[in-house]
Amino acid sequence: MKIKMGTDLFFGQPVRCSATIAPAKNKSVPIFVLALFCLALLPGFARAEGMISQTGFSGEREISLSFSQPLAPEVAGNPASYVVYEEADPDIRLAVSEVALAADQRSAVLTFAAPLNTLQPHVVALPALTPAGAEVETFRVSKPYLGYLLSILISALLINNFVFTKYLGLCVFFGTSKRKDTAKGMGFTFTLVIVVSAIMSWFFYQFILKPFHLNFLQIVIFIGLVSLTVQAVDTVLRKVNPALFRAFGVYLVLVIANCIIIAVPLILADNEYNFFETFMLSLGAGGGFLLALYLMSSVRERMELANIPPAFKGIPIAFIVAGQFALAFLGFSGLNLF
Amino acid sequence: MATDKSNFQLVVNGILNENPIFRLVLSMCPAVGISTTVMNGFMLGIAVLFVQVFSSCTIALFQNKIHPRIRIPTYTLTIATWVTVIDLVLAAYLPEAYAKMGIFVKLIVAFAIITMRLEMFASKESVTASFWDGIGMGLGFMFGMMALGFVRELLGLGTILGYDVLGFKPLLFFVLPFAGFFCVGLMMAFFNYLESVYKRAKQRV
Amino acid sequence: MKLWQVSVSPHVRSPESVAKIMWTVVACLLPPLVMSVFIFGIQTLIIAAVSVASCVLMEAISQKSLGRPVTIKDGSAVITGLLLAFVIPPGVPWLLPALGAVMAIYIGKHLLGGIGFNIFNPALLARAFLVATFPVAMTSAWLPPLADTAIFAYLGSAADAVSTATPLAVLKEQGMAAMVEQFGPLPNLYTNFLLGFRPGSIGETSGLLIILGGLFLIYRGYISWHIPVSLLGTIALLTWIFGGETLMSGDPLLAILSGGALLGAFFMATDYVTSPTGRTAQLIFGAGIGALTVLIRLKGGYPEGICYAILLMNPLSTVLDNWFKPKRFAPPLGGAK
Amino acid sequence: MTSLLTFPKGGVHPSERKTATAGLAVETMPVPDELELILGQHIGAPCAPTVAVKDEVREGMVIGEVAKGLGVPLHAPVSGAVTALGQSAHPMRVSVPSLTIKTDHAAPTPQYQALAWEDLDRDQLRQKVHDAGIIGIGGAGFPAHVKLNPPPDNPVDTLILNGAECEPYLTADHRQMLEHSREIVEGARILLKILGINTCHIGIEANKPDAIAAMSAAVVAGAKPGENIAVRPLKVKYPQGSEKQLIQAITGRKVPAFALPSAVGAVVHNVSTTKAIYDAVALGKPLTEKIVTISGQGIKRPANLLVKVGTRVSDIVAYLGGTTPQLAKIVMGGPMMGFAVSTLDIPITKTTSSVLFLAEGEIDSTPHSPCIRCGWCLEACPLGLEPKEVGIYVEAGRPQDTGPFGVFECFECGCCAYVCPAKRPLVQFIRLGKMKAKR
Amino acid sequence: MKDIFTIVFRLTVACLLAGLVMGATFIFTDQAKKHNEHAREQKAMLGLLGYSANKPPPAGLTMHALYRYIVSEGREVSMGYLLPTKDRAFVFVAIALDGTFRNATPVALDPAKAGEEGEREKALAAALGPGKELRYAEQTLVVTEDGVRRAYLLSGRFPGFKTFISMLIALEPDFTIRGLEVMEHEEDPGLGAEITQDYFKKQFSGKPFARLKELAVVKTPLPAEYQQALEAEKRGGLDPAAAAAIMDQYRDHDIYALTGATISSRAVTNGVKAMVGKFTYRLAILDRVLAEEQIAAPF
């Protein structure tokens, strides 16, 4: 990184940073992250209610149901009494070929003639058990939302790691991965800033840019929000926790030169993520960057002791090693956790 | 303060001495990510050239009006504006090339190279000098990208600019995205090696 | 006056040497290779020969060009060559390992400072490179084991040979029933797999010989039991828990016998340079590889994950060694120095 | 035999190679014509000579004294005339002040009478130890009387006699224990009295069953009520004879880094030192002679020799019939921690326990190769240090950064370098680290 | 304090200038962008029907867009089709899930703007009145030549090996597959990404609907002559007649899986089956309703 470290990017004031970086003793960051994480878990506990208490895919061709009370086998065991369709295609019924009713008549497994598209939510209804005249109750079958959220996190963290498989943020990555302490500092600072700025960007996008058709202002707004976040974190940290600021303040100026920080809001605007998904994506992006930095720095500390050909010393060899990391990270490709 | 270099020297400086990819090691993301063909390199090079030249000129033009304390935000705003412009233009007129470059056009806004040039050069020099410096930097970036694209396209697909040159595909490896790391590393080392050979030859003379 | 040779103590040395270790490992790798010739035919021998020859040649070329002493006699390039041949399918074109050797020896090892400084296991790095570059050959050139001793069956026509799927691929795509249908009922299956009569990479099939070779290395003290045991234990445990239709119904024995787990556990993960040295660190290292292997096998895009699992854990070996430093005899009085 | 004691972590098993001399009784070498006495034989300031050139000296006379600081006096081993005060080669240091005596073969040998030492008090006994010039003759050269005066805040409760003799080739202590077991036990009782305690362990490695038997018999024979002296057989493992390892093996206590054994209430003395203390206290005989193992395939006739301190190695070689053509390296001390010397013109000192004439086949001069991170050195290190990292850092030109890997705790036992399959000179790397790194 | 004002003032001016530049560019490029996008789509579709720059489509060829919506009114769900009528107007036909006709509402929509989702929604909301929730599902094109149906163009997406594969399928009037085009995918290069290759895509061409329903994926290697025929158009080497003969020979064969990418091959096959199946089911109902209610569709 060639941006002068030492001067504040925004208001030209010198940043008082010490050369040695003390490990951050403060626990407030992880607690904050944990709290947000718990908040994100909440929607995962929502369940269907009514006649059917729990639904879920149990295989490529199977849906499992739990009933809130025992059902008569002649109805619940009959494939014809179930109406199942994909939520997006309510007019096309899926053929249930077999029903396996449990002995206690409180759960059943439906087997289908054709494989299901488990990525789409499905709807199950039991019109045969609905009293005449009443509305037919429908029940949604979908992969757990919590799993979806976690898969966004894992995806950004490992499978589509921004550094090793999306090739973003490389300048800062190579600039700050020489020492483990620097790597940790940069990684944590970056994660904090990206989570805050991505959430702000999401609000801006959802409530200002989209309704007013100002999408072409994305770049300006997002980069502006990033600068603002960096400045805000800088100011708050300086006042609230000077020790933490001394540890991480140096890296704040570098955050803005990292393309991941602008890539994340662009991605979430493209994919129309909701708040929790935004949070997970930004956390994954930051965490993935931290992970990549930490791994790379520990390797580079070891490489400093090696007899590397002169032409390769420094950055070229770091690239070669990053390429090897990218090869190793191919192992995660196609990973589908939930 | 004015630079003592001629316009030509400014351009050459950007291409050789301070090549943004191989010498300054800045803006590496596209160099790794999308340098798979010469065309890709050329297209993104054009985009960067445009943004660099227009931003440099803008800043040089308004250098007396920019308050020193909001220097950086002004730079960011300028760059973001020109990036938006090129982004919209590319999306409208060259949709296929734009699709290949993906998010990288928008990410020009975070390229350290442009901010750095504004801070170090355009904010102090005349509009003309800034223009030529911008051209040099943009061309330097473009040539770097095209050199990478040349190697990767030739070795990976056996083609140059889409024309079949070798008639077969030597090694799929080179057009795989992650191979960018290896290609950049090896080419940087190659240039380092050339430089050391050149220096040694110069000493001997 | 004659001056006698002076050197720093100690003046006696243990009889072990790098070359001795390396050649012992080579010797332990030979029986599985011979077995694979009987299982897959003579072309495996050719692949292995090409692989070893190109690795040794590449080692000599890299060392010469980088101005280092040429050390091909210490056998480390031979091991890399053998292991590289061991992890590729038996039906691939013979030139593949030669390309892999460039990645393994030059880029993976000598650019990073030569032996002792490579970060990733060279053979596995080369495999990952080959899988990315020749995805079709590297993921489908499997051969079914030969029924009789027609070891020349596929020679010269390896590409046209009936391609088949590895047990893990069958298990992943079609399930246990298809596995039994294709490879026989369970007790037979275990015996066949243990002996090596199944499709798979050249060196990974003959589990029994790999175990014997590994045990010999442990007996000689060249490798410690920590990595293999924790690696295989983790694979077995996690497969048992998550590998079946329901929880706790997976088949741990099958998981260990049907992929490259044994080869990886005894010969890949225990590579000195790319594994941690402390015992605790080794246990965690092995467990990490096991967990990643099961993760990739069950949820990932590849049927077998041990190669990538080892590659992913390799860079952590330095970190683990830093976290679990050897316990000092006794700390200085008064705590800090 | 019940389970043998040992230290739990690290250590190596080099081949013992003791058979050549283990069975040979100690043989007294005739006094050579000239002796060369190094003035700084112990740890601490060297002695200042109390005689001048051409002075006549008598056997047992003090010829060097330490004016200030740590040290013991030096005695004339023979009667004769001082011929030179100069510099001479030293096995450990480059050159040191020395004193040469021309032997007067005709002078009478002094006779020593047994004294009733039981009547003396602790300080008198300790003074006698000092006056006789006793230092740790196992190799360290630490003045014995200092060890016998532990700091008051660390009360000592255990005396340990070190008969481990874990280095290959060495049999001097072994013969000492066989031939002077009674004196050693008596010496132990002197030490117990000086320290004011009553527990003494004699640690002997199990590869010397005859010595264990002889010592056990002597302990039983010399048993006194209230005294608790016991022979402790130890497992054969190098470096069992290192102070810290021996204390841990016998008492289970760990001496902290940079601390003396007295920090855990123990005092360790070599069996030969104990014998010398017996001689000094009970007979009034100063330390002027030494049992030295001469072994290796490079010498015609291996032997355990009783030689005068100051005897030149060249005289010993001549006495034993010369060297063999295979001789490649001459080592003073054990093969693990001893020092290779470049010349035969080097005198025996109080701490020389052996002179080894090693042939080509016994040493390994393979050039070293890069570290393969096998971690064997970490396994072998009895102190839990990281020699491999030290080596890598030193080779990378950064010896100043080796502090965290424990170079300062290292006592250079050589286990790491012994096991290293890449034959890396780890002890040398560690010494460099000690020089360049900061504590 | 004066400093602050200067800063704020200049920053505001800078922002205004920047906004001006960007806004101008946006207005300037937006039209071109839409036009180009439309042209690109058109080109892909025509290409699938066998027309190109060298072989321009006949003058009578028209594409009629059919937009499907899911209408929910309270808990009642029905299908809605927005289609053009012969007199260049639009009608919204609502059909219950069981296939019975609900109602048909004329919609005032400018045909030039029908391609824009926002415009359609506005027009629909005005025509249908409040209380109805509309969810846009997909667009299908019916291609006619002088009023006779020539082909259908379906677009849709389904899960592939890694992420979604989005695809454009051209069908004959009898639902025989005419061709397919992969629009977007993220399969592995060298493996699943081969689904974009002619030798895979063309295997589907000419498969009758009855065969398609039963279509499976086999792992036996692709016969060399078949591959040659499949790639004849792109690489040459085989004259069209011979290629067609070989293609005919394999007409009833299952799909040969891509080597090493069985999952992707299977995903595409299942995806195509599902897309065509759903389309034929719905088209039959729609055709019946249009005939019964005598709604004058141009196709």
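When the chains are written out, they are named A, B, C, D and E in that same order, and each has its own residue count from 1.
Everything below uses one rule, namely that a residue touches a chain if its C-beta (ideal position, glycine included) is under 8 Å from a C-beta of that chain, and two chains touch if they have at least 3 such contacts.
This one's a predicted model, so the numbers in the text were calculated from it and none came from an experiment.
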Legend entry - Chains touching both subunit A and subunit D: C
Inset, instruction - Would you pick out the chains that touch subunit B and also touch subunit D? - result: A, C
Legend entry - Central chain (by mean CA position): C
Inset, instruction - Taking each chain's centre as the mean of its C-alpha atoms, give the chain farthest from subunit A. - result: D
Legend entry - Longest centre-to-centre distance from subunit B, chain (CA-based): D
Inset, instruction - Could you give the separation in Å between the centres of subunit B and subunit C, each centre being the mean of its C-alpha atoms? - result: 42
Inset, instruction - Could you give the separation in Å between the centres of subunit C and subunit D, each centre being the mean of its C-alpha atoms? - result: 49
Legend entry - Length of the line joining the C-alpha centres of subunit B and subunit E, rounded to whole Å: 38
Legend entry - Averaged-CA centre spacing for the pair subunit B and subunit A, given as whole angstrom: 31
Legend entry - In subunit C, residues with contacts to at least two other chains: 107, 114, 117, 129, 132-135, 301
Inset, instruction - Two or more other chains in contact with one residue: find those residues in subunit B. - result: 69-70, 73, 77, 80-81, 84, 88, 172, 176, 178, 182
Inset, instruction - Check each residue of subunit E and list the ones that touch at least two other chains. - result: 18, 22, 25-26, 161-162, 188-190
Inset, instruction - Just spell out which pairs of chains touch, all of them. - result: A-B, A-C, A-D, A-E, B-C, B-E, C-D, C-E
Inset, instruction - Using the touch rule from the top, collect the residues of subunit A that touch subunit D in their complex. - result: 304-307
Legend entry - Parts of subunit B lying in touch with subunit C, wherever the complex brings them together: 171-173, 176, 178, 182
Legend entry - subunit E residues touching subunit C - in the complex, by the definition given at the top: 161-162, 188-191, 219, 221, 259-260, 262-263
Inset, instruction - Quick one: which bits of subunit C touch subunit E in the complex? Just the residue numbers, please. - result: 132-136, 139-140, 163, 165, 173, 301
Legend entry - Of subunit D, residues touching subunit A in the complex: 392-393, 395-396, 398
